[in-house]
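Okay, so chain A shows up in both of these, paired with chain B first and chain C after.
Moving on, here comes the complex of A and B:
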């Protein structure tokens, strides 16, 4: 069953079209990431689904029911904002139970649901804690619990990790994943962070230039990008043509497809021409750039005056100006459709 | 600013505000103290030997006291409640549609700049039985004579007094609420909407608790002012019963000097009520800050 379906959704701010003809469907119990650069309109899409903004065109279905005409409070969708936005005058349990109170749920039933969700979100024992006494991570967990407790058809998460530091972000990401698996809540997770999207999602939708550029599994988007722009979004600058002089030198690009890509971490680099297992396909270059990024080092290898290959490797024993040999394993090369 | 910087500036503040505060304390506090001495019958001639609460007792047991305090409370409570109700609607509307509209802000500031006395006299000239409106309506045959104009000044219900106070206090309360609503933004209400809160529920369970402390504080300040204000009920009120400030003034300015301590006693009762109201308003503001509501 499709929990959420967007059909040709178009959103405008005044005369400017932010989103054009966007179609997307999310199945029951699925977690889908809407990934895109800042300003791409991700939050706008979530607000439109939640009923806080009106679309200029298209239809929104939640639980197979068209909700375009329904106000936010009547839609079975809860939006978790970037900031926790907790009610400062209520304690933790009251914040979590706010939606249940709006639904006029019996107190005992509401308390039972709140206790359960406090356990799931690792907030047990904090029921009567004031909001200002909570850490940033705890506040975001309360915001998540406040949405989950309503068991909505779809939970919309608008970059809920962006205000947290790196370690907390990782913990919270794992918590969202675990909670989603436990509760089987359908989630649409908006982020600009590709690693977040890849780690958490069943499917990823990449939003570029006001439309969905590619939708698929995290592996599909990462290893088989639909076009050079998608590849670049996932940090792959190695966009080449089979007619490039150095690829001719490497050989074996006998295909009609012109443009191809290879991930920087898949390019093999050697300091000696004899090192490659298949030296016939290796080609020469000079290290012209080296950026230490922590776990990996990003090398720029110039293979001709205008052609450069980016290589990611661990603890490289190279230096700028050094002559190196590169090899692109055939099974790692992706030709754009 | 860092901690030591703050301490230094606090030190400077004492020097900067000291002279002004001294004058206020001397004139205001001194006046109150002198008044208290007179109300308690402590004078330089009799010394501290004969402290008495007789004047307060006389005021409290005066048959006019109940009527006067009832009228004063009626005026201050009704005008405060009316101004607060209108201000809530106005502040919400402005925050939603015209938060940064300079014209709306300018119009709203006008009543703040007009003194109470000026608007009270204007009302007297406009709305009294011999005023401009009554003669205008009579001239155009809408009423048979100016005396047929409904009694809006010096009337039983203090209509004109209430209108003056409501007109004057709406901008004050509205600006107090607007500062909270502008800081608040629309996000909390949006959260409430996605958590199934209807418009009315959002107002009741989100907006009201957020603006509550500021609203309460503003209302207490307005109540304190209207409870102690003299000129409007003096000009626009009826002659009997009179409000507490008018009664205090009449006693104080009576040709019978023996009525003066009673006038001062009434003034001190008013001052005590105002002090309690202002203190409560500050308590509410501190309470709001503790809850994380920015005022």
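Moving on, here comes the complex of A and C:
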């Protein structure tokens, strides 16, 4: 059964069309991330699914039922906002129980559910804490618990990690992942952070220019981008054409396809022509740029005046101006379809 | 601890000016240049409680019901208006704000005199409802301004979140919006109540002397030159305002405005 299906969803804001003809379906128990640059309309899509905004066109199905005309409170979808938005006049348990109270669930049953969800989200014992006594990470977890406890057909998460610092972000990411596996809640997760999307999701949908550019497993999007723009989004600016002068040297591609890409970390770099195991396809270049990024260093190697190859490597022993040899392993090269 | 000291300072500075009133109300003889009354007595208070007792009680009742009615109406109109002005942008917003300040800018005497003619024509003069209306011209703008301030710091996403958690629109208003803006509502209600409570001129003009509110009684007593009695009635007049101040200081001191963000 399909938990969520969007058919030709179009969303306008005033005169501008933000999302055009977007179609997407999410299966039961799946965790899908909607990835895109800031301002791409990701939050708008979530709000539309949740029923807080009206689409200009298209259909939204939740549990195979069209929900276009259902108000937000009647849809079996819960949106968790970027900010925790915990009600300041309620304590932790009351905040989590808010939705259950709306469903008029019996008190004992509600308490049991609240306790269980507090356990899962590692908040046990904080039932009667006031909101302002919680840390940022705890607040975000309460917000997550408040959605999870309702066991909606689909949980919509709007950048739930963006307000947290780096370490908390990792913990929260882990937590969302484990909680999702435990509760088997179907989730649609919005983020602008590719590493978040890749780490957490079964499938990634890349949103560019108001439409889905590519949908697939994290590995597919990362290693087999559909077009140069997708590749660039994932931090790969090695886009070359097989007609480029140096590519003749780099290997005999025997193909009609023109554009190809290779991940910067897949390019091999040597200080001596004799070093590569198959020196046949090595080609020469000069290091013209070097940025230390921590774990890896980003090198820009100019092959000709206009052609540059980006290389990511660990602890490079090169300096700017040095002549180096590059090799592009054939199995790492991806031709755009 | 520091907050409590501060509160105490505020309370002392607010209550200090009333000391002479207190002394006057229990003075039997107090002539220049004596610093304190030469003779004390309960004449003024016994006048307030016995001779003029029923009149003052009536005045209290009239003033209270007028102020209460004015407060209720100004909140009923002021909360939606303040929300609209605080949260949304719409054409004519600035003009509306200017329009709202008019009754405050224009001297109350002119407003009351001008409206009096209309009220006579509409048969609203000398009626309870008419006086509520004239009080509203002063109370409503203040209420709207206070509530607008509350809403300009208010995050409507709270409401969207509640909707998404399954709360229908009315529940959102009473269970989410209302608790969040409650401190602001209390401040606005106090403003409105005290403003109506202390209206003299407009009540006199529109009421035509028929609505004997406490301020009107007070002015006639001051005019008669009996200072101890005027002082005693003044204290009766101040009492509700003072209680309201204490109550709100206690409440707002406890919760602050933290619920707003």
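What we mean here is this: the second predicted complex is superposed on the first by the 337 of 337 C-alpha atoms of A that agree within 3 Å, B and C clash if a C-alpha of one lies under 4 Å from a C-alpha of the other, contacts with A are read in each partner's own complex, and residues count from 1 in each chain.
FYI, contacts are C-beta pairs under 8 Å (C-beta built on N, C-alpha and C of every residue); 3 or more make two chains touch, one makes a residue touch a chain.
As the structure is a computational prediction, the values presented were derived from the model and not from experiment.
**Q** Fit or clash for chain B plus chain C once both are placed on chain A?
**A** By the criteria stated at the top, chain C and chain B clash after superposition.
**Q** Which partner does A:87 reach: the first (chain B), the second (chain C), both, or neither?
**A** It touches chain B and chain C both.
**Q** Once the shared chain is lined up, is A:72 touching chain B (first), chain C (second), both, or neither of them?
**A** In the superposition, A:72 contacts both chain B and chain C.
**Q** Which partner chains sit in contact with A:295 here, chain B, chain C, both or neither? Use first/second/both/neither.
**A** A:295: touches no partner chain.
**Q** Can A:52 be said to touch chain B (first), chain C (second), both, or neither?
**A** It touches chain B and chain C both.
**Q** Determine, under the contact definition given at the top, whether A:314 touches first (chain B), second (chain C), both, or neither.
**A** After superposing on A, A:314 lies clear of both chain B and chain C.
**Q** Once the complexes are superposed, what residues of chain A are shared between the chain B interface and the chain C interface?
**A** Correct list for chain A: 47, 50-52, 71-73, 77-79, 81, 83, 85, 87-89, 98-99, 102-103, 132, 146-147, 150.
**Q** Where on chain C is chain A touching in the complex?
**A** 155, 157-158, 160-168, 171, 176, 179-180, 182, 258-259
**Q** Tell me, which parts of chain B touch chain A in their complex?
**A** Its residues touching chain A are 187-188, 190-198, 201, 205-206, 209-210, 291-293.
**Q** Using the touch rule from the top, collect the residues of chain A that touch chain B in their complex.
**A** For this pair, the touching residues of chain A are 47, 50-52, 71-73, 75, 77-79, 81, 83, 85, 87-89, 98-99, 101-103, 131-132, 146-147, 150, 156.
**Q** Flag every residue of chain A that touches chain C in the complex, lowest number first.
**A** The touching residues are 47, 50-52, 71-74, 77-79, 81, 83, 85, 87-89, 98-99, 102-103, 132, 146-147, 150.
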